[in-house]
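Letters A, B and C mark the chains in the order given here, with residues in each chain numbered from 1 onward.
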């Protein structure tokens, strides 16, 4: 069964410019930030892949490459069997209908001059030929799906609460019947009591509409709840990938272990494993021989400077580590 | 800090019942001075439109018997060297003095903002070229440029409108470009793209309206400058040609007569210019306060 | 032993364009010397406002209508601005919420800290620099001499936060108010900052008022917790008590709504929405969201009642059938 989305060897580099790089350029080097450095994953229909990592790991860049907001430097992205990296113009419009995104900041993602109705109806206008009545009907359907009161559609973003704004964003994303929705930190900007509500909404929508999600977040607990499979990113590469239960029960990669152990559990007596990495996340402009975590990993050895193998440690569970 | 807390305190509550219009109206009425200024503009426009019917005398009709009369009951603002009634001339001149600045500002606004929007959105070498052209134009002091152009192409009303517009285009262009550079980085711009909008819709339907508001304020303030430019051009003889009346030209005529004691010929047109520029500035200030989104919650 | 901080019957209103906002409604809580109290609530619960009140920084359009804030026995609300300045930044320090914007971008990190020594203790420039260096070391900065020279935009999020903590500790305050110290930080950095705060509290004996919406942070860092909802304080308890046997319906709902990685849970969102503070519900402000709401909840405000050792709840349902509830 072909997966809905297949990403292989995705790379994105941002060239560095500025006086400090001139010297390097004269030497013939091309200083760049390798934000995404060879990422591969697949998402099946109706599945949620969680992508976790901290700042600078490249997860947001992956999302933007998928949606062609920025162009990947190299690699392949196959959506519904079709290679989309080479598409442009009309063909891309169609892909855009099927692949949508929900943004992190619900307020910034809405045009302050458009009311909810116009925002949600826009994808319908762009992708379908519908009469005004048909659009209205679909609007009502969608608004009911996301649990937004029908009386709120004429309001402008500044007249809605945060939770309501996020629902407008979600409504806009599902209006044109997409198959894949990229969720870019959809709950980070929301209040704690709203988060669980929005997460449950995503869950419901997935079951009812058969949506696939790429759920990007640094909130590990939320990802655990919603994702079927999880991939952990660090400095532009995926260091571990497994189905949700396996990853949380038996994390292998030191970074995953450190990450999971840093999440404060709402239980004062919780005494989980505590693996600490030293130092801070290094600059993404550095180049690496071997493992990127070397300088910070408490388990690092001499052999870690060699190219790192991508090993399967359990069925469906892969790790990028010498020690796995 | 406390203001942010206040905002946050009720920001997440079920949405405000305050409609945009009610808030707008409340703030509009708060700024009394701008209201007065706005009403005065309306009054000026009405006077200008009704000039032929309001003016007590024919502005171009000389009267050899009433030459250089000081203000009196017959001629409220006096007469000039040809016996023409000052008041009628000032009223008639208001037509030109309001029309030319208004049309030229409007023209500059439209052209400048359009080019600025496209340039700012596109970026790259197109943007660079446009900005260098703008820099070149702005290198000339605006008035010198106006003088040069008027001398070159002549001073019909159409030409004057074009010339004054040209001197103003760079201002709007730069401003809209700056706004556009900022707006295009906003998340809703990206959302507009991922939803499937073609580029022209993103620029004109989404971004442009959000960039345009500060320019409206700029335009009302700039109208004052346009009035002054026109008056100055006419003063030095490059603008409106006699026998048509225009305030600046009237000041010029009256200037030479001030030494001989005919103070009313330069003073009243001067006051007219002063009042017009002042009220445009006041309206501009008021509009700025009104349209500032940060003031919205206050 | 006398309490370090006693907030009693605090009522704060804000006069805004859209009407009167009743931000704090009869808030009571206490802190002992050296303890870490977590002040938990959603946005609009009044937790940040409480902190600002303690610092005496409620200004127009805010007003304090009633109540007292006793710090080491002195009612801070009765002090003049000059007298208050002897406390603010000295005996009571704050780490504000947005660390990025709270640091002056044109002053180096070292100078930001050393100035404080110069101002409050009259040190010489050299002595102040030395003290600043020590402090940076205390807060766990890896390379203090280098950090001293850097400007805020050159510092990472974690480092900025450490510099802020250093600034707050410069005057050896008795009370440190940390407003959402981990929001916006990466998980691993946040964990280290929390560890730092725990460590510092133990070492220097500084009491910490930790304001947060994250129950996980509270569980790992605080000894006691105070839960706020819509401007009312609903429950205070030692941290274990709060998680093991939360009494107030809101606390329970909150605990049940958090996704967790340690155990499998069914997510149950907190019912209802945060009430508007402009026209807040009469009586108990949680009643419109509460499954146990009764007639009396509408008319009277529940008073604090003891539930266990050091555990107090403001709820009418308590004592009658709260144990029977889920």
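Here is the rule we go by: a contact is a pair of C-beta atoms (placed from the backbone, for glycine too) under 8 Å apart; a residue touches a chain by one contact, two chains touch by 3 or more.
No experiment lies behind these values; they were computed from the predicted model shown.
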Checklist outcome for this item: Interface with most residue-pair contacts lies between A-C
Checklist entry - Farthest from chain A in C-alpha centre terms, which chain would that be? => result B
Item to check | CA centroid of chain A to CA centroid of chain B, Å | outcome: 49
Checklist outcome for this item: When centres are defined as mean Cα positions, the distance from chain B to chain C in whole Å is 52
Item to check | Euclidean distance of C-alpha centroids - chain A vs chain C, Å | outcome: 32
Checklist entry - Which residues belonging to chain B are in contact with no fewer than two other chains? => result 11-14, 16, 18
Checklist entry - Which chain C residues sit where two or more other chains touch them? => result 42-43, 273-274
Checklist entry - Which chain A residues sit where two or more other chains touch them? => result 161, 163, 191
Checklist entry - Hey, which residues of chain A end up touching chain B in the complex? => result 67, 69, 93, 96-97, 100-101, 103-105, 108-113, 122-123, 126-127, 152, 155-156, 158-164, 169, 172, 176, 191
Checklist entry - Considering the complex alone, what residue numbers of chain A touch chain C? => result 54-55, 161, 163, 191-193, 195-197, 199-200, 218, 220-222, 224-225, 248, 258-270, 272, 276-277, 279-281
Checklist outcome for this item: Per the touch rule, the chain C residues reaching chain A in their complex are 42-43, 142, 156-159, 186-192, 194, 213-221, 239-240, 243, 254-255, 257-262, 267-270, 273-274
Item to check | Residue ranges of chain B in contact with chain A within the complex | outcome: 11-16, 18-20, 186-188, 190-198, 206, 209-210, 293, 296
